[in-house]
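Have a look at the structure below, then the notes.
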Amino acid sequence: MRKFPFWSWLWVIIGVLYFFLPLLGTLEFSLRIRREGYTLDAYQIVLSDPKFQESFLFSISMALATIVFSILLIAPTLYWVHLKLPHLRPMMEFTTLLPFVVPAIVLVFGYLRVYNTSSFLPLTGSAETTNLLLICAYTVLALPYVFRSVDAGLRAIDVRTLTEAGQSLGANWFTILFQIIFPNLRVALLSGAFLTFAICVGEYTFASLLDRPAFGPYLQLIGANRAYEPSALAIISFSLTWACVGVLQFLGRGAPGQSQVSGAR
Amino acid sequence: MKNRVLLLLAVVVVLAVVAACAPAPTPAPTAAPPTAAPKASAMDALIAAAKAEGQLTTIALPRTWCGYGEVIDGYAKKYGIKVNELNPDASSGDEIEAVKANKDNKGPQAPDVIDVGLSFGPTAKNDKLIQPYKVATWDTIPADAKDAEGYWYGDYYGVMAFGYNTDVVKKAPADWADLLKPEFKGAVALAGDPRSANQAISGVFSAGLSAAKGDVAKAGDEGLKFFASLNSAGNFVPVIGKAAPLAKGETPLIIAWDYNLLSWRDTLKGNPKVEVVVPQTGVVAGVYVQAISAYAPHPNAAKLWMEYLYSDEGQLLWLKGYCHPIRFNDLVKTNKVPKALMDNLPPADNYAKAIFPTLEQQSAYKEVITKQWDSVVKVVVK
Amino acid sequence: MAQATQVKSASGSDALPRTISLAWLGVVPFFLFAVLFMIIPALFFIVGSFQDAQGNWTLKNIIDLFQPSIMESYILSIQVSAVTAIGGGLFGFLLAYAAVLGGLPRWVRSALLTFSGVASNFSGVPLSFAFVSTLGRTGFITALFSNLFGWNLYQGGFNLYSFAGLSLTYMYFQFPLMVLVMAPALDGLRREWREASEILGANTFEYWRHIAFPILLPSLLGTMVLLFGNAFGAYATAYALTGATLYLVTIQIGAQIRGDVLHNQNLGYAMAFGMVVIMTTTMVIYTWFQRRSARWLR
């Protein structure tokens, strides 16, 4: 009989306390919109606002598009680098740390200057192309996190052996990548996807200056001058995002019975 | 070694291609002579031209600031022109940056009109970012609140006031000196960072003006000394004051523009009850100015917007939003202001004492306050 | 040599040039994307840091960076980032370990990972206000302590609007980030290694010291650098919580570029350039450490 994992539970309980108490504080404040007592009026006000639904749905769609785009951009490249060009890894890593130090506000002004209607790649003229620019911007934001997740995942599996095994069985690169490597990177890809999703849904600077009807600007609008609704909105968006991420995890679980080729459990 | 050279070469080639394709920057438009105020038929022509453009892009206009929500809706309904509201939370610096970054962009991200702090008017004119236009009611705008050539023009002003949460602050402060009293322990906050936000700096200046008994030159230093004593008495809360912390009680008393405080009071709907008081001395007015972007994608809609703002209708909508429109004195003289609107504002006596600092005075006290805040007031908590 | 083995095993051909050109093709999309959407737009601000407001070339902005107030900002930002990177790294690692390898029920791991996905991006005004309503002067935990235990936190010296308070708040997105990125790495610790070490007579401590930590060290260090960068570039949370007290670099940049009053964008660009330099230096130091620690893995 294995012994009771005391320390594990201790860390988790401390973590839970740390994460939930501030949320509790926000919740408590949001319920106080009426002087008489606790009511859910603030939630009603927020949920019945059509702009809330529109902006949230828009941000979700942008987030999903960004997840697909960023994973397709980074994972195959990183796999290739691990396999064939390991000396390029530090340069790639440095590139992915750049988004941290270039403030978003500076980057978006750069986009407006370079990709406006009179440039070589006019992307701000129509809604669809501006959305494309937004997806690229979000990919830049998600770059460090997706890179780090995929990198950690790739280090944990033996890329070379898996590739050679696939090749010796006659698979082409496409099959190797999508049917051998990716399933083994499931946890890493999911982590990256979760991070990207949350980043995109709450993002403000790019959405605002590129004039897209996303959730971030909506949050800011509500939060600027009201007191109770922003707290309600924070709780709602937190819960909704958590639910969406939960759905992502459920979908990414893979068929039952499919086991990872490598990995601890 | 060879690999690195190849990579470097590839990067250089890509950059060269990109640089070659980059368009030549659009030359700044030459300063056109200001279009004269349109007469009746010219006004119709302007309306037709504006409608043809179909859209106006504004920036930095929160709907609850000076009742801009009603102003925008009024304009949209009257002329049937769609208003695209960008970034309501933008500061004056953001607006100038937006105009610069969108020079070559005719998309919906480029603002047509800007509403910025007084000191930004002349610098925007120097940087050739705005175009001149004189509205029909140009002559009723006070001379010291507009650019003689019509590049920028004052739109509204408010005065520094105290707004407090009556659940936490039981005694009403009448003047700046009251704030030093023990009943305001842990209560007084500014509405921004005094090292960089106009509203906060004006708050410090107002306190100083009161302490210096009206001497504008000394007000900057006196203001810093006032806040230093406020801080050592434990009355100052170094947190940025807004509606939420006001309601929560973290920043029970906030020093901010009266129109902001009044709009927060209305939003909170009595939960908690907020009172707004204009101090008896050290009453400072802050003027904002309007201008049309030199690169505006919809210049006619922009000009029509200005006509609307400076018409009686537009000016009174601002008054409804608790901001004093720039033509206020003119409107009062011609009895255009409804009594109900006047009653909604704090008593007019203290407003009469308001001082309008000139541009030179503003830059002088801003320099003093931003540079010396940290060393004199010593708020940094490690 | 590593390159020779690559050639043999990858395409089976001995022709060096063909392998290289094919291999390069694989990384072109990524680097093209990086150039188009990161480097070119960023060039504007790098160039801008060497210009003045009228567009003339000058080194004044760079020289201005060495003013005491700006230097202090950099030091403060580095301190906050280092503290939250290390603290966040440690507790985040413990949490990740507890959930992945700690023998807890499976649902704890899923719940923690999905929650971390959301919490890692909870920042700005909502996060700051969440902490204010918990540990602010009128926060409910502050009230709880003073009502239940008669213990006034603020009189005891605690202050949410301080370095300590900001670090505590930053942890809200640092812990989850550590958890999310380390979970796949922890998954990669094979059970066979643990079993093998037990057979050879190692206890838990020795297993960790000689096997698990050395394997995890590159990922651990890399993630801490990620945490450092994350905290270094944070703006909204710092502004909302301690905007009026702690003068971090990001706040100063915001004030210069977007501000109401100061508005010297070129100085703002120069400060951002300084951030790039610091981040690059951190990367270099990390790469050196990582190469040393991963040496034995080759």
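Order as written gives the chain letters A, B and C; numbering starts at 1 within each chain.
Following the convention adopted for this analysis, a residue touches a chain if its C-beta (ideal position, glycine included) is under 8 Å from a C-beta of that chain, and two chains touch if they have at least 3 such contacts.
All values reported here derive from a predicted model rather than from experimental measurement.
Graph distance from chain A to chain C, where chains that touch are one step apart, equals 1. Centroid distances from chain A, each centroid being the mean of CA atoms, peak for B.
Computed centre separation for the pair chain A/chain C is 16 angstrom, with centres defined by C-alpha atoms. Spacing of chain B relative to chain C, judged by their CA centroids, is 36 angstrom.
Each of the following residues of chain C touches two or more other chains: 24, 31, 36, 40, 129, 132-133, 254, 257-258. Touching two or more other chains at once are residues 29, 85, 109, 113-114, 223, 230-231 of chain A. Multi-chain contact residues of chain B (touching two or more other chains): 3, 18, 97, 244, 248. Across the interface of their complex, chain B is touched by residues 20, 24, 31-32, 35-36, 40, 53, 69, 129, 132-133, 136-138, 159, 161-163, 240, 243-247, 251, 254-255, 257-263, 265 of chain C.
Contact residues on chain A toward chain B in their complex (touch as defined above): 29, 32-35, 85, 87, 109, 112-114, 116-120, 124-125, 130, 208-211, 217, 220-221, 223-228, 230-231.
Listing the residues of chain B that touch chain A in their complex gives 3, 18, 21-23, 26, 62, 64, 84, 86-89, 97-98, 100-109, 242-244, 246-248, 263-264, 267-268, 270-272. Across the complex, chain C meets chain A through its residues 2, 6, 9-10, 19, 23-24, 26-27, 29-31, 33-34, 36-45, 91, 94-95, 97-104, 108, 110, 112-127, 129-134, 139-141, 171-172, 175, 177, 180-191, 218-219, 222-223, 225-226, 229-230, 232-233, 235-236, 250, 253-254, 257-258, 268-269, 272, 275-276, 278-280, 283, 287.
Touching chain C in their complex are the following residues of chain B: 2-3, 6-7, 10-11, 14-15, 18, 90-94, 96-97, 117, 119-120, 127, 186, 190, 192-201, 237-240, 244-245, 248-250, 366, 370, 374, 379-382.
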